[in-house]
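Heads up, the next two complexes both have subunit A, just with different partners, subunit B and then subunit C.
So, the complex of A and B:
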């Protein structure tokens, strides 16, 4: 548990010191939100479109932070040290949780910007905020294991979005549906939230179980 | 080998009479006439695709547990076969949708689900294609197949039930009579044997290579 906490703290520290999260993650989120805000200025944008834009920007801005984090350990030669000292499922969990935190931070940038530029009703904000709180860790858990797999092969990083997208698409669709309901009707289907939580937890647990088997290779 | 020979006899023995029965001896459907007969191909294709992806999932788990190349080969070939049947289910579904709902594509939850399934297994094959080392390819793709299959129950069973659908079973049932159901079951058996035959043939080629 102590090594897990230390690893989680290290992940967060390293991400803030490095250039990728701030430069690419936040940068991409702001540029994409501003571009879309400018492109759609003066037009009436439906709730479904706003919800889709929100989650697509969050997903693309944070898509490769996790696989990059695993790959960095391999590149710097620290991965073997890590394997010797900490059980691999703990490493996987720490990196996935740190990534969930980064995705949430990126969403905290994208969400107010989009709401401001696209004129979202203020009354819908608490519910959408709740969905962002549920959805960001869910997205991170769902793509965690694929991010880990991608770091195992050299040629795979370029294909990451193509390979991870189909796995998280059902989750993304549920998030878009729930968010658009929250924006339009001020409520959302609890079934959608159940699907979001159960699918992401299933992916996280499967990842934790499978990591040692992949490590054997 | 023997399994393949048995399937090479069983497949035509079930498929040919079933096709003849479905096209010539089953009655016309009250509202759709002869158009409904496409379901004799659409339902078995969708069933076999789901079965193939499930078998790929099971053998991926078996590969990670035992590390036998034959399990990786079955998982891989089953995904390929599943993808072919998934494409056929999409095409037959689109033909049916054109005449019943007026458009080949309506973003119905089941249509959306099948697109997601196609994307998942295209990504799986892309992943295998990108890795050259045989052991690494087998282990990584087995992991991906397992995590990808976890999305399948949500796509096939959950999504169509939590969102409104145009599909017949959601809007009053298929309305099939007993002779029509015999046709559907015959075709289901025929397509299942065909899939198993394809799987045994392609897997035999792999084993010869190894």
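So, the complex of A and C:
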């Protein structure tokens, strides 16, 4: 537990002191939200469009934070230091959990901005907030293994959108549908949330199981 | 550590073949020119790389260890291995000590007490090497593998390293193309 805590704390420290998360992650989230907000302010925008914008901005702003973190460790020789000290599934889990926190922070920037610009009903906010709380870790878990794979095989990085699509697309569709329901009707289908949680947990478990095999090769 | 008939190839290029050794306590050296495969052999010994053929046995011959069962037992310092540049010398040392569940190393012994608050990337090459060596020695439990350990070190740094190598309890394996010290046991590679 002490070593896992140390891994988590290291991830957060390194991310906040590095330029990528703050400069690219938060920067992109603010620029995209503000651009869309200015462009669409005053026009009637449907709930499904608002939900799509919210999740697409969150996904793009956070899409490479995890794969970049894995790749950086390989480039700087710290990945091997970790391999010598702890099993790689622990590293994978710590990185994925820390990334879930970063995705949530990015969503905390995007969500209020979009709500402000696009005039989201205040009564819908608690439910949408709950979906953001569920959806951000889900996105991170789904991206985790693909991000790890990218760092192990640089030739794969060009294929990132192709590899990540089958994992991310169903999750994004469910998140958009549930969020648009919450915005329009003040409720959402519990089945969608079950699909979101199951898919993300399946992706996380698959990552934890497969990482040792990839390491072995 | 017992190696039997190890070989390593990358594609069609064979780096080395037919390497066998049996390492027990003491200081061991792998000496050879650039490109002779010293680092590759050390990485195989550390469990970071798989040999193309042959067998590598670690620790207990009765109980076979697989590579993925090694974490925490072998420490290594190599030019390819780095520390976190966003973290200070102290934070790096504490992080790796936490992973190994050992106390934070003695910064004074390594001549780093005046630099513990500096971020790793702010250090000179020699001080970076000291920080890496300090971390490796602090977390080493059974074996320590050193790849070109004297790289960038000044006379004081080399003296500290010599002292640490001599006082380490387990086997120390040094890969170098410049044997600046006569070690107790030398394995010519």
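The working rule: the second predicted complex is superposed on the first by the 210 of 217 C-alpha atoms of A that agree within 3 Å, B and C clash if a C-alpha of one lies under 4 Å from a C-alpha of the other, contacts with A are read in each partner's own complex, and residues count from 1 in each chain.
One rule holds for everything that comes next: a residue touches a chain if its C-beta (ideal position, glycine included) is under 8 Å from a C-beta of that chain, and two chains touch if they have at least 3 such contacts.
The shown structure was predicted, so the numbers you read here are calculated from the model rather than taken from an experiment.
*Asks:* Subunit A superposed: clash or fit between subunit B and subunit C?
*Replies:* In the arrangement built by aligning on subunit A, the partners subunit C and subunit B fit side by side.
*Asks:* Once the shared chain is lined up, is A:145 touching subunit B (first), subunit C (second), both, or neither of them?
*Replies:* In the superposition, A:145 touches subunit B alone.
*Asks:* Quick one: is A:18 in contact with subunit B, with subunit C, with both, or with neither? Answer first, second, both or neither.
*Replies:* The answer is second: A:18 touches subunit C but not subunit B.
*Asks:* Which partner does A:195 contact after superposing on A: first (subunit B), second (subunit C), both, neither?
*Replies:* first
*Asks:* Once chain A of both complexes is superposed, is A:10 in touch with subunit B (first), subunit C (second), both, or neither?
*Replies:* Touch partner of A:10: subunit C, not subunit B.
*Asks:* Contacts for A:207 in the overlay, against subunit B (first) and subunit C (second): which applies, first, second, both or neither?
*Replies:* first
*Asks:* Looking at the overlay, what does A:31 touch: subunit B (first), subunit C (second), both, or neither?
*Replies:* Touch status of A:31: no partner.
*Asks:* Is A:87 contacted by the first partner subunit B, the second partner subunit C, both or neither?
*Replies:* second
*Asks:* With both complexes overlaid on chain A, does A:170 touch subunit B (first), subunit C (second), both or neither?
*Replies:* The first partner, subunit B, only.
*Asks:* From the overlay on chain A, compute the angle at subunit A's CA centre subtended by subunit B and subunit C, rounding to the nearest 10 degrees.
*Replies:* 100
*Asks:* For A:41, using the defined touch cut-off, is the partner it touches subunit B, subunit C, both, or neither? Pick first, second, both or neither.
*Replies:* It touches nothing on subunit B or subunit C.
*Asks:* By how many Å are the closest C-alpha atoms of subunit B and subunit C apart after the superposition?
*Replies:* Minimum C-alpha separation, subunit B to subunit C: 9 Å.
*Asks:* Would you please give the residues of subunit A that touch subunit B in one complex and also touch subunit C in the other complex?
*Replies:* Common interface on subunit A, subunit B vs subunit C: 216-217.
*Asks:* Which stretch or stretches of subunit B touch subunit A in the complex?
*Replies:* Checking each residue of subunit B against subunit A gives 64-65, 67, 112, 116, 119-120, 122-123, 126-127, 130-132, 135-136, 138-140, 143-144, 146-148, 150-151, 154-155, 158-159, 162-163.
*Asks:* Sort out for me which residues of subunit C touch subunit A in the complex.
*Replies:* Its residues touching subunit A are 46-48, 50, 67-68, 70-72, 74-76, 78, 80-87, 91, 95-96, 98-101, 139.
*Asks:* Flag every residue of subunit A that touches subunit C in the complex, lowest number first.
*Replies:* Interface residues on the subunit A side: 2-3, 5-7, 9-10, 13-14, 17-18, 76-78, 80-88, 212, 215-217.
*Asks:* List the residues on subunit A that touch subunit B in their complex, please.
*Replies:* The touching residues are 145-146, 149, 152-153, 155-156, 159, 162-163, 165-167, 169-170, 173, 177, 189, 191-192, 195, 199, 202-203, 206-207, 210, 213-214, 216-217.
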